[in-house]
Structures are given as structure tokens and as C-alpha cells.
Amino acid sequence: VTIRLTRLYGRNPAKTGPVAAELGIGQTVTDWRALAEAPDVDIVANAATNALHGPLTLAALELGKPVLCEKPLSMDPGEASRMCSAAAGIPAAVGFNYRFVPALALLRRLIQRGQLGQIRHYRGLYLQDWLGADPRRAKANGSGTVSDYSHLIDMLRVLAGEPASVMAQTTRWHSEADDAFQALFALPGGGTASLEASRCATGWKGRHHIEVNGSLGSAWWDMEDINRLHLLLARDFAEGLGGYRDILVTEADHPYLAPWWPTGHVLGWEHTFTAMWRAFLTAVLDGGWDPALATFADGLRSAEVAGAIYRAAAAGRTVTLPAGTSPPAGRKPDAGRPAASVMEDK
Amino acid sequence: VTIRLTRLYGRNPAKTGPVAAELGIGQTVTDWRALAEAPDVDIVANAATNALHGPLTLAALELGKPVLCEKPLSMDPGEASRMCSAAAGIPAAVGFNYRFVPALALLRRLIQRGQLGQIRHYRGLYLQDWLGADPRRAKANGSGTVSDYSHLIDMLRVLAGEPASVMAQTTRWHSEADDAFQALFALPGGGTASLEASRCATGWKGRHHIEVNGSLGSAWWDMEDINRLHLLLARDFAEGLGGYRDILVTEADHPYLAPWWPTGHVLGWEHTFTAMWRAFLTAVLDGGWDPALATFADGLRSAEVAGAIYRAAAAGRTVTLPAGTSPPAGRKPDAGRPAASVMEDK
Amino acid sequence: VTIRLTRLYGRNPAKTGPVAAELGIGQTVTDWRALAEAPDVDIVANAATNALHGPLTLAALELGKPVLCEKPLSMDPGEASRMCSAAAGIPAAVGFNYRFVPALALLRRLIQRGQLGQIRHYRGLYLQDWLGADPRRAKANGSGTVSDYSHLIDMLRVLAGEPASVMAQTTRWHSEADDAFQALFALPGGGTASLEASRCATGWKGRHHIEVNGSLGSAWWDMEDINRLHLLLARDFAEGLGGYRDILVTEADHPYLAPWWPTGHVLGWEHTFTAMWRAFLTAVLDGGWDPALATFADGLRSAEVAGAIYRAAAAGRTVTLPAGTSPPAGRKPDAGRPAASVMEDK
Amino acid sequence: VTIRLTRLYGRNPAKTGPVAAELGIGQTVTDWRALAEAPDVDIVANAATNALHGPLTLAALELGKPVLCEKPLSMDPGEASRMCSAAAGIPAAVGFNYRFVPALALLRRLIQRGQLGQIRHYRGLYLQDWLGADPRRAKANGSGTVSDYSHLIDMLRVLAGEPASVMAQTTRWHSEADDAFQALFALPGGGTASLEASRCATGWKGRHHIEVNGSLGSAWWDMEDINRLHLLLARDFAEGLGGYRDILVTEADHPYLAPWWPTGHVLGWEHTFTAMWRAFLTAVLDGGWDPALATFADGLRSAEVAGAIYRAAAAGRTVTLPAGTSPPAGRKPDAGRPAASVMEDK
């Protein structure tokens, strides 16, 4: 099977033209409906502006075409819910690419196998300084940090489970929306979580940082050193040799590493997309479903948590989150996943 | 002037006896009042159990004797307030020793000189695992993490100013009191702060971690590598060479370093006490006041913030903190500091 | 211009067939001469086994075809010298890809601009453990560490200049060739350098580490955190704020970064090849020459230094290196570089 | 038993007077023989200038008085040999204090128990910049780096065993003696070692760095983060979780830690002297001998290795080291250690 990029959507042909030429894409279109409906489009990669995540995805799904939609699935839980329904029986994923960071996939595997025990504390940070460094980049109608950094919410759910309640505050310096948020969560098993994002954290360019403390072990990871998992196993203290292990996640038997370079030759951020797309195309063509792939139910749940963060911040009080109707993300594959979707072999 | 350790208080002479012998202290006493009243006691170092912080300190102050009282000053804001009043005209300090970590004193100096600009974000962590590692160490009537780790509150005030409001959650696994807390604060200038402490954070032995993001620069510090300040100055990005500087704070012109080893020979945690006591004894003997020394007003304010954290956690909503009646800690020395207290020259 | 992969050479069609299919390469060949001579081959990427570096490259150059040959250019200085002569007037480069690590390219730029001053010390390490971990991987007729890790020699020349003399030792555990070497060099300006490589350094997977101490500043880099340059400028000590800056080399104005992701989104090892090939193809098509591209003269000089290391180790004494006939690598582009080579526009 | 500091030697009473007063030392002397012979001096701490290490130590030993002599024992192997003979039957130690760094003592314990397997590679660095930063500090008749940084030689012997041969180079910028040296060693079991010291390595204040690669594991340590041992155990790779463990060596059962602060509260450089003196005084008073204490035989061997480094550098060839007459340092305690020396109980 060969996958070809057949059409590229964009409102401004002066911009899409050169890109399409460079990537060898035959046609550009300025009408997103036309893209969804084109007969030579079997799969839609929806990386359009946030406002089109819903409409374009729904249009494709109505025609039975699989979609990998960038996050956030929608900023409107109602729309996200409709997207979920429309995706029944059709392969559809949300672009939560950090699930495919090998170090984080290894961490998830360890947590699922119980090697960290019960989760006591979770901390997620996503700090950048681009807005503080250049306030002109604030746009009047831009989105806020809760949805821009919804990776934080998704990874919390993937690694620590569905939060039960939230309290939060947001701050604004240069935008009309929030430029930073902090949120505290209670986890179902008695653990706690905190998330923080900012686009005014001077000096940090991409400090996506995750830390988990479990009853049997702890771990942390930082995007700036993306191939490294720092893992502590409490059992190592028994012989006086406890300490965070500096694991370079480049071994062939580490997640998503088998096809790549020899051990010790590090991967970059873009490999998260490569692995995510490989998983999604495999799902479309062969019918399996890598549990790391975020479903639309995951996207909906993220939108619900994002909404709860804003409500909690506005009200200045704790907001209870409804129990998830779906199982915790990543714990087991969706039952109703279609065996396969029809694709022409080109 | 020679300072002599003349008496050691402790309820159990079987324990205090050997310690006194090892340290060359002439007498042990089992009655804390007798200690305060002893004619050969001119200065009281109150490192007794938390419940005696108030009574012993008040007894000494009533006799006009200077006291350096361990933190927390009191867990009862009312008592803390009485201690403040009793300290009028008498040198009295709270044992917030982290102010004397050279790296943190350097950070404070940089903040006060405006080199980090306006504070946008502050993060303080104090993570340990001793209780998770050995739940038998929980005591029925022990104190909780908010007061046990009140260093977090104090350093927030010292470095980022008085918080304006707080929301918080606490968690409990093995104790009757809280075993972990997280709190979010709004800072007066529009900044935000978060504090977190736990005694069940597997693998961390003494992760006291502080991070500050200002409009012109950022910095972080970690107790496990106590001599290091990681400092970022936004101006360094102008030539493409921005990055956190890994400053080994052991130069002779760094704070509190002049009397010590040659550059590059690191200090340990105990030096924070050495520097604090030197500052306090200098205050008693010579009448000055190192602005790093925590006053009883600082101790009171810490107790008030700790109380607000508990109220916010219990109510599940934001609690507004009253404007401090004292100036922000560390910004200027107290006006009414006594010129000196009478000490015999031994 | 579109570059197409037209033929893939390999002795075993059962292996090359599937690879060619996956990469969309039309034909496989088992005769390397046929590859060089094929009319639809305009440029040769010589990543064949070390023993074919010379023969295949010479065959292509004789037909006037540009070659990018993997390192080592040749293990025989005589052959390397013939390859240099054959490359006159034809774009020809050696695959020293570490020159294209953005962090190292930034370091080179800083050194060339004099920001580190005179080089006092240089240290290069390349530590791996694959042979110690699995001694069965030793092959009877395999090459030794001096040529396998010739990147060390090349980067020394690029960053610190041509060494003047060398002393060395080699060690062997599992192979017939050396499994580790250490070498000490005198640099022309009075500085010193040391290189060490091992395939039995337990626990290290790809510790390619470079450190430079100059009179005005120092820097270090490590492949395991490939995007980071640790840079110290002595001038920063003047205000008590000296320390290694932790520079995340992902800014658009950092070397080779302009076409890639937003700041803070890290690159992997493979990008060094992408940048090297872009530079080489640009040289072939447009006639320029990125000074980071290693010439065959560089490859020859590396072979000479490698030979001197072995002679010094065998003799147990210092070996003087002849002054380079070419200018120090990377200091200025070769004068006689051809304006362009003829390429059909496909 | 109480140890009192009774006399302080120094040529200039204007300098020694205030120091003696501050430390409560009763008398100062300007004649080192008088110090050795004074009836109230039972033990000599010889931290005098290097040139007096021999004479003062010999004078004390002739009177049967125990001596802890600062390193280097002597720069003259002949004198060092006489000092060894004079020390027969008298407790005598050399001030190699790095053996008492808890992290290095833990490493030594692991190596002795075989947990790192056979030593393959050893690397020792001691980099400083004080001379490069201020060339006026060069003194015409000062000592060179080989003896100034003889800690490097001692720790090599302690951790990796007696070297069998050496090649070396030295460099000079501002002094009459060497300002930097690099040396390569062959180890008896087939391993290799390298040592390097410089006082012109810009930016490094106290980079004493040690790394060991064994067949079963590896470790590294750095003085700037003195409490940390980075330890890798090859067995951890079996489950895909291999990586350097970041061990904070502050547990009560770590070497020399029992008497100190709670876990996680770091120690400084001065504790190495505290532990060394405790061990030496215990040896004098109780007759045991902590194997970490360096004997005069160790001091002699260090001088021999230092001499060989200089000879190798001058000759530009490998110099073979005579097999040590004593067992490898630290592998077993000296057999002939006296049971006790007579000390009055004050």
C-alpha cells in the first residue's frame, strides 16, 4: 500500500501553492468541503485552524472517511460530542502526539504494569515564553492556554487516570484570553495532580515537563531532553542504591524504537507524529488500534476537563468532574472499533 | 565576645545528658521555664518541640532575653500575634534558615535589584518520601505538611512578595493530619504562585525546589544541589546565546561566602544555620539586622498564610488574604529594631 | 529540481530488494561498478562497507560524478590521497555529519569569531558499550576504534585546529583490532587535546562528548542531549553571575534551524544527515560550498591522524604530525572548489 | 577523651596570632621544631607549606608522635621513602581527604565488592581556572599541577588499582612549573586510565570529576555536586530500564553519614576533613585503621607516580611503573599497624 498526499487545503493559494509543490501534492483547494468530498481523498488529516476542526471532520465522517484531527478536538463540548457520535464505526483519532514520545510510552507501560504502584502525585508543566518575549504575537481572538496546551490534560488522563475534581486560576497579560493557567486536581484513588501552562514564562522555550510519584516508584520527563526517562524504583533503596535512573529511551525494544537508528542515536520531536500516523494508518488499513492513539472520546473528555478548568477559575471554587462514561484513556482499546475501513490499494 | 552554650533543655535527662556532654554544655534542665529564667542564659535558642515554641519564647521575652525560635513560630495565629507583641524592642528571629542558602540569597539580591523584572510565576516544591517509605512514622497527633514545610510559605514571601489569595487542597494517607498539600496563589502584581509539599513523594529525600519566572529573567534552585543557582537573563537571547546559567555559588563575593573555602569547594546544608546564627548574634551584640533574618512578624504572617491554606482547602474555594500590615518580607528592615540588647561580655 | 533515488547497491538482493521497495528505489544492483556507471546515476552516495569507500568513490569520480562518501574516507592514506586527487574539480564530500549538529555548528561559529579566545584544552569522548554488552558482535576482521570513531578526529580538527603531535594507547578485549583508544595531542598554539573512544564502556550507548576550554570561554556538548550547547563566557564572572549557559539550540537563527519546528521542539540525530545532504546537493547544483562540508582533504587528514595514533601507540612514544598542507578544516572554504557540476534537471 | 588544639605554627606571628585567638589555640610558634618537640603536643597536624611536609613530619615521628600530613607527602621520592620508614609503628596518615567523600567511599565499597566487575576505563579530571583568570597568581617557584592535584593519582589508585605504565604531556602558560598535565595509564588487568588537571580551564572552579567503567557497571562523580553518585548497573538493561542512577548519598547507612543530618540534607566539602580526622584520631586512640585512611606508603606511591608522569612527559615516551611493594591501596589494611599509641587522657 502506498499513501499519497493528493490535496492540500488552505484559504490562500499563494501560500499553499509553494508548499504543495515542495511536498509533491498535486492540487490545492480553498474550499474545505471540496477537500472532504474529493473522490481521491480517502483519509483526512485535519490540521486546519481550530475553528475548522469540527466542521471539516464532521464533513469527512459523514462520507465515512477516516480522520486524524489535530487537538483540541473542539473547544465546544457539544460539538465534540457530535463528532464522537459521527465517528462511530469509522477510524478517527485526535492528534495527541505526546502519547507517542517513546519515553512517555515507556512510562505509560510501566504504570499500566503496576511498576510505579498507586499514583500519589502528578505534575504537568508546559512553559513557554514566546508571548512574553514578543507581546505583539497576542491576537485579539486567539485561544487561551487551557486549550492550546490541552496536551497537559490528555497526558494527565493517560498516565494518572480521570480526574475527579478541579480548582484553577487563570492569568492574562497580553491577550484577551488567558496567558497562563494553574489547576489542581483530585484523582480518584486519593492522589493529587497539578497542571500549569504559560506563554510568558521567561526563558523556557518548550518546557513540557511531566512528573509522577507512585507508591512504588516515580518518574519524570522533559521535552527539551525528549529521549530521556528519569525513573526511580523504590526497591532500589533496599540496598542503598536508590536514585532516579537516567534512561536513554533509544533501545530497539523500547516503544516505537524498533524501526529507527542504533541505540544511543537520539530521535527528535517529529518522530512523535511519524509514530502516530503509522499507528493511525495501520488502524485504517488493518483494523487494529494502538491503545496509544487518542480516540474522539478522549478528545471529548479533554474538552470537558478544559471547560471545567475555566468554570472553576471563574467561580473560584472546586468543580466536580462527572465520572467518565468511557474507561480511562489508554487502559483498554475501545470495544466498538471497526475491523477495517475500505481503502483502495493504490 | 565568646558565646558559651550553658544549658540544654529536654524532658528526658537520659537523652540530653550525653548530648550535653558531647557538646560541652555544663547543665541539662527538664523544666523549660527554668531554662528561660536561668541567670547564665542570656539568649535562648528555641528548638524545642513545636508546642513549646510559644510558651518558652514568651517566657524568655518577658525577661527581655533575645530568642531565635525555630519555625513554625506558632500554629495559632493568635499566639503568634502575642509573640510579636512580646518581641517589641527585643531581638527575636524565626529559624527560616533557607533565606541563608547562598544561592537563594543571591537570587533574592537579583530580584530586589530588579534583574528578573516583574515576577510572573513562582513555584515551590518540598517533596520527601519518609512517610510513604515507612508509614509507621506517622504519629496520631503530628502536625501536617503546611506547617512542617512552612519554609515554602516563607520563601514565597521573601522572593515573590505577599500573596493576595489562595486556593488549596490537602491529602492524607497515613497520618491524622495532611500528608501533602498543593496551593495556588495570586500575587499582587498579577503573577501567580504554586506551592506543593508531600511526605509521600516516592524517591525524593529533600527536593526543596524553587523556581521564579520574571519578565526579564528566571531562576531555579534545588536543595539537593544546594550551591547552584540556575539563572536565565532574557537579554542573553539577543545574541542567540540565552540559556540557564549554572552558577556555582561559591565565590567570595557571593552572599555569606566570604569566610569560607576557596571557590569551587561546596558548602552543605548546615551552613545555613551557621550564617543565620552569625546574623542573629551580630544583631544581639551589635544592633544591626541582616534583612535576611526572619522577624516574628514574618513568623506571624507565615502562620496566617498557613491558616488560609487550610481554610481554602476545607471550603473548596478561594480565600482572600488580608494585606500584610508589615512591609513585604525582606524588602526593608523593620523600623523599630532595638539598637542592642544587654549582653555580658564573657 | 527533484532528486530521485534510482539505484541501490548491495551484494545480497534478498536484503536490498525489500529496502528498495520500501524507499521507492527502482532498481537494485549487486555490482558496484555498474552503480557508478549507470547512466541514470548522476550523484553517488557511498555508504557501502568501509572496504568499498575507495574503489566505488574512485570509479564515480573517474566519470566526473559527485560523491558523498561515508567516513572513513579510507583507512589507507595512500588511497585517500589518490581519492583527493581524483576529486579535483568535482564536488566530493566526506560524511562527517557531526559538523551539522546545530549545537556544534553554533560552537564552531563562536570559536571562529573568537568568542572563546585561544583554545587551551579540548576533550573528545565517544563511549559505547555494545561490544562489552555482547562480545559475539566482535568480528575477526573488523576495524578498530580509531577509524570507527574518526568523528572524534574530525571534530578536533574542526573545533581546535590541526594537532601537532600525538601519543596514544590502544586496548583490546574481544576483537582482533583495538576496542578502545586514548590519545593526547599538542595543539599548535600551546593547547592540549585528548580523545578517547571505547566500545566496552558499560552503560554508555552514544556518549559522544566534546568539551573546549578557551581563554575567554568554554563549552561542552553531549550527543545524548543533542540540541543543547553548554556555553560559558568568562566575562559573566565580572558581575558574579558566571556559569555554563544551558542553550537549547532550536532558535530559528541558530545554524541549520531555520527550516524546522518552532523554538523548543527538539531535533534528532538524523537531522545532521538532512542538513549535510542539503549542503552537498546545493554544492552540486548551485556551486557553493558550505564550509561545514568535509572535503576529501579533510578525509585524508583524518586518515593521517588515525595512522599517527596507531604508530604512536605501537611505538610507545610521541609522534609528530606533519603540518597540514591544507588550511585548518573549517577555517576557510577550499579555494579551488568547482563552480558547479552538470546535473540534468529532472 | 578531649582533643585540644594547643599550638599553632606559622612564620609570621601577625598572621597566626588572630587565627589562634579565633580558634582558641593557646600559643603560636614560629619554629616548627619547637612545635614538634613541645611536651603538650601529642599529635601533629602537618598542613604547613609543601617544603615542610618532610622535615616537620620526620621531627615528630622521631619523637614517636602521630602525624596527619597534608598531601603531597613529599615531592621527593627519597624523602617520602624515609618518611615511610620513620612511620613504622606510629600512626601516620596523608591528607587524601577525597577518600572520605561519602559518594566516593560508596563507590569504593561497590568496586571492592565486585559490583562494577573488572575495571575497563578510569577517567579523572581536576579542572580549575584561577590561574587563567588571574595570571598574577603564578609564583616563580610554585609547584606544578601533577603534585598540586595529586588527589587525582591517589583516587586512581584507590578506585582502579596500581597503574602499570604511563605516558604524559605537560603544558605551561603563566608559571615556571606546569599549568596543566594529561596522562594515560595502563592498568594491570588490561584497563586504561586517563588523568588531567589544569589551572587554566576557563569557567571551572572545582571540577574534580571521576568516572569508572567496569565490566558490570559504571559510575561517575563530580565535586561540584559532591553528594551525588551516578551509578549504572548493567543488569538493569535486562528489563529495558538501564540508566545512571542519581544516588543522593545522604542515607544513614551510606559511608560516614550516620552522625549527620536527616536524609536529603546535603553535606559540604569540609565534611571530608571531619571524617578523615575522626578516622585518624580513632586510629591513634583506639588502634584501628579505617582502610580509607591513606598511609605513608600511599603517599610514597603517589610521589613515585607523579615522578613517572614528569619523566614520561620529558622523554615523550611510555614509562613503566614498578610493581607496588605494598598491596593496592584500600584493598586491605596494612598488616603492621600498631595497636595503639600512648596518649594522655586529658
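Chains: A, B, C and D, in written order; residue numbering restarts at 1 for each.
As a convention for this text, contacts are C-beta pairs under 8 Å (C-beta built on N, C-alpha and C of every residue); 3 or more make two chains touch, one makes a residue touch a chain.
If you're wondering where the values come from, they're calculated on a predicted model, not measured in any experiment.
The chain pair with the larger count of C-beta pairs in contact, out of C-D and B-D, is C-D. By residue number, the contact pairs of A-B overlap by more than half with those of exactly one pair in A-D, C-D or B-C, and this pair is C-D. Rounded to whole angstrom, the centroid-to-centroid distance between chain B and chain C, based on C-alpha atoms, equals 53 Å.
Centre-to-centre spacing of chain B and chain D amounts to 37 Å, using the average Cα coordinate of each chain. With centres taken as mean Cα positions, chain D sits 40 Å from chain C.
Across the assembly, chain C contributes residues 204, 237, 242-244, 248, 251 that each touch 2 or more other chains. Those residues of chain A lying in contact with chain C across their complex are 128, 130, 204-207, 223-228, 248, 250-251, 261-271.
By the touch criterion given at the top, residues 106, 229-231, 233, 236-237, 240-248, 251, 253-254 of chain B touch chain C in their complex.
Within the complex, the chain C residues that touch chain D are 117, 120-121, 123, 127, 129, 132-133, 167-169, 171, 173, 180, 182, 184, 186, 190-192, 194, 196, 198, 200-204, 213-218, 232, 234, 237, 242-244, 316-318.
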